[in-house]
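In the two assemblies presented below, subunit A is common to both, partnered first by subunit B and then by subunit C.
Entry: the complex of A and B
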């Protein structure tokens, strides 16, 4: 996964003037979609944040300046949402990355039938949020026998203030572990064979090789996988929506930012405040990514 | 000596099997539960193997749960998004990899930067946009916002740049223009990446949740399969139906995974031509 070196556009093969027009024409379709459905709505959030939606649809909204931003930053609800979002990510990402790493290392050996294991290890990537949620509902429900047989007696998890959020994060972690495995296996397969061979000749044990050579060399990919995991966990919505069920009575405990945006938009029709929350979600995504870049860049070994 | 080696080999397989069993357990519960009655699903201790498999849940999901229609909608929506993403990605990536044109650097940066903006952040204004375009609560509204991806453009550009220099030198000597080069050389050589992009695109589209939920509104004729599961899900009293619907929703993707797992991994490796 070499990301840095290849970012600069390479030397072009076709460079006649006519080709220039063709180039522009070829990027145009993607450009139109991005302009209309990524950049326009992204910047529109800032404008919508300045207007307060009318209490009834079809009435004009009112300019309120930065009032909604300050309301959001001063409200306990918002900070509760931020906290829930952080807890959600702190469960999902380490579980997913460590699980993916263990499986990637296990599947990186020459054994008969290893392809079958690779398929199984990556299988959770195909599960949708909805499917994962209904399956885990069955597994975690006090009305089925899975947890009770293991000696775990818990109340109805999804309505429990203590266990609701971790349970939903577990669903996301399981879903993410398949993708983490795919990313980390790709990283393992790109490691330079010569170094691995050399260390084997040096007589290093498998365990030492893993910690001293494989993991340091793999660190850019592990870090990339973590960033993907954070973004994945920040977007987890279907898991929560389904597991809370139709009652919605327990949402306060699992009101992560994306769910708060949905409720503001869909239940209270408060477009302006929802836009402020969306900006907050973006800022958090950006911050986490930048912090991870900074923190890990010093420790990461770039092999290329 | 051989017995020692045999024991080591066996222990490796044991570890692999145990980890596989843990990670595949939810999918196993999905499948086995779909073949059980509600009473069997909620038996204590849990019944792990459906001893008397029943297929009733599947037929019920199709007859009363309207599963057939959901499937058709999902298939149409996902196929359109996949084809759209493959076309826009190949076309833009080819330009970025091979053609000199104005504003190339900034346009490339702008397109990559889109992966930093989660779709969820843009949902509010996008709902207004599809409304303004009069495609809200329609199939077009489900599909159009997803017809291009930064990831796809990046993936395809990487694949095109892996093609050895000698190939395009030879092509130019033979008098190939960009168009001919694209179809005769670049796309055929990048086929594994095209496959990976298509699988990732299909997977993402098929499993979408928030946008179909908000965009389809009251139009029940364009509800996707995920929305179908949402409608019956949320309670254990319909678990057999939701699990059956879940099997139907997951099976096509599992089949794709079995065939393309290697491509998915390979498309993400640094030396994609290894």
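Entry: the complex of A and C
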């Protein structure tokens, strides 16, 4: 009935098909790269989980079915790792998001020289894990650290079973805070000016505006930041490797999943079990993200 | 009682003047319309009054208080934004409540005043909806309710009708006027629509390029424009403006006599004649008929002079409409205005 239907179908279908080929050609390079470095390893990983590595290199591995998954799920080491990972994320994400939010709100003020602070606040994004590890060693080291010279005596995080994991999570939060700051600053800057101005005219104090207007309107961005933060924290590896290391006795307390995978692969040469741990990490990441979407998204206000 | 006074207020944005030397008073209970084309500085003037923008120079008073450097929240004003600027995460009721909660009024009074404001704009049934679930006209009314609930000293409205369709705009226009007259709150109303200005304002302030051109009652501006710009901007259609000459107080267009002036001078001028003051005649200045716009009650006959200037003649519907392409003679039946050809200033 519509005038659209009366258009010559031949022409438009032809055009669509040509556009299709062009589109495919354009995404092909990206597809090849994703296939080689993401999709293939991802599926190969599942296969590896079904084979047990030989005790010596260069010997064929043996098909064992789901035996290694059963081993993993029954091992105390695995559940310790899961617990460490959870604690790690529970420290990193709130600290990073709240820190980023505070800095973003402060830097959003129209003050002289605010650009310098924006640069400083976002600088941890461009610092590698190695840099972060060194920075915190300089601060925290019980022998030569800044805090030590200030008279604040800290336990040695490389040997303290209590403080090792929180210290690593702190480094992780420091790394994440820069990214959180950038995401939340972008969010703040895209809030509609007229709504912020209306709240000023409506007699709201700066504090009221922050809690009643800014944060609710920013909630989708805060939520997004949390999701990114969880994924980020589940993948933290560098500073643990540099500051604790595999040889140190306390590694069992900082043995988060990603680090356990690394140890299984490179210290124990147990490729099969490492693959099982990887799959577990993937499943956990997926579940946590889904739960976040289900639970939190309901409380988020999306502006129209 | 609340008066507003701008004293020599200027605003410069990074070297570009948006508002130049504005001096203007708004009387208690008056609805003053700021009228002008896009970019003439209307919104800037309003935002300076609201305190959302800082003046570059000059002072602003509300009553006897100098508010020039006061925070918006301390000025006791309410503003209706062009986009309405409703809080999307709050219900209609919460939106309207917000200014009262900020003023820390007792809960019982808040509830009573919110209910009254919602009833005034007929939104009581929709109080629990979110702005996203309302039509444009309903959102506009929420914005109005949020403004009136405050009982502020001054209302500021920035093109509050521009997002509504024509029918709704006409109706809301009447509603706002009735509400303003009833509440008697001093109001500054910004628009670029001269019909809105003529029908709503006690007085109109016409602006152009950041400079105030003329202030006065709608009909005074219509009948006694200070310059060619005001003459051409007010009225639909605006006054016809055609190049002409003044010879010893006689006004000529293309060599044809069209009227007399009290200025006994001889010079090039711009001649202004309202569309309703022109008629087809046997003698007069000549023009070619371009198009005839049928508006129902009357017809706008659009013509072009020998020097390619547009002239509109308003005719009653039953009058004989000339054939398109014909060359006709036009004579003035009412006042003929003369303006300086270069400055546009009114000469008579």
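Here is the rule we use: the second predicted complex is superposed on the first by the 274 of 304 C-alpha atoms of A that agree within 3 Å, B and C clash if a C-alpha of one lies under 4 Å from a C-alpha of the other, contacts with A are read in each partner's own complex, and residues count from 1 in each chain.
FYI, a contact is a pair of C-beta atoms (placed from the backbone, for glycine too) under 8 Å apart; a residue touches a chain by one contact, two chains touch by 3 or more.
On a predicted model such as this, the values are computed, not experimentally measured, just so you know.
Superposition of the two structures on subunit A shows subunit C fitting alongside subunit B with no clash. Contact with subunit B, but none with subunit C, is seen for A:183 once the two complexes are overlaid on the shared chain.
Note on subunit A: of its two partners subunit C and subunit B, the one contacting more of its residues is B. Of the two partner chains, subunit C is the only one that A:208 touches; subunit B does not reach it. Within the superposed three-chain model, A:278 lies in touch with subunit B and out of touch with subunit C [touch as defined at top].
After superposing the two complexes on chain A, the shortest C-alpha to C-alpha distance between subunit B and subunit C comes to 10 Å. Judged by the document's definition of touching, subunit A residues 304 lie at the interface with subunit B and also at the interface with subunit C.
If you check the complex, the residues on subunit C that touch subunit A are 50-52, 71-73, 77-79, 81-83, 85-89, 98-99, 102-103, 131-132, 146, 150.
Subunit A contributes residues 192, 194-195, 197-205, 208, 212-213, 216-217, 301, 303-304 to its touches with subunit C in the complex. Those residues of subunit B that touch subunit A in the complex are listed here as 9, 12-13, 15-16, 19-20, 23-27, 29-30, 33, 41-46, 87-89, 91-92, 94-102, 104-105, 107-108, 110-112, 114, 116-129, 144-145, 147-148, 150, 153, 158, 161, 168, 172, 177-179, 181, 203, 206-207, 209-210, 213-214, 226, 229-230, 233-236, 239, 242-243, 246, 249-250, 253-254, 256-258, 261-262, 264-271, 274.
Across the complex, subunit A meets subunit B through its residues 1-2, 6-7, 9-10, 12-15, 19-24, 26-27, 29-31, 33-34, 36-42, 44-45, 48, 99, 102-103, 106-107, 109, 111, 115, 117-139, 141, 143-146, 148-149, 174, 177-178, 182-183, 185-187, 189-190, 231, 234-235, 237-238, 241-246, 258, 261-262, 265-266, 271, 274-275, 278-279, 281-282, 285-286, 289, 304.
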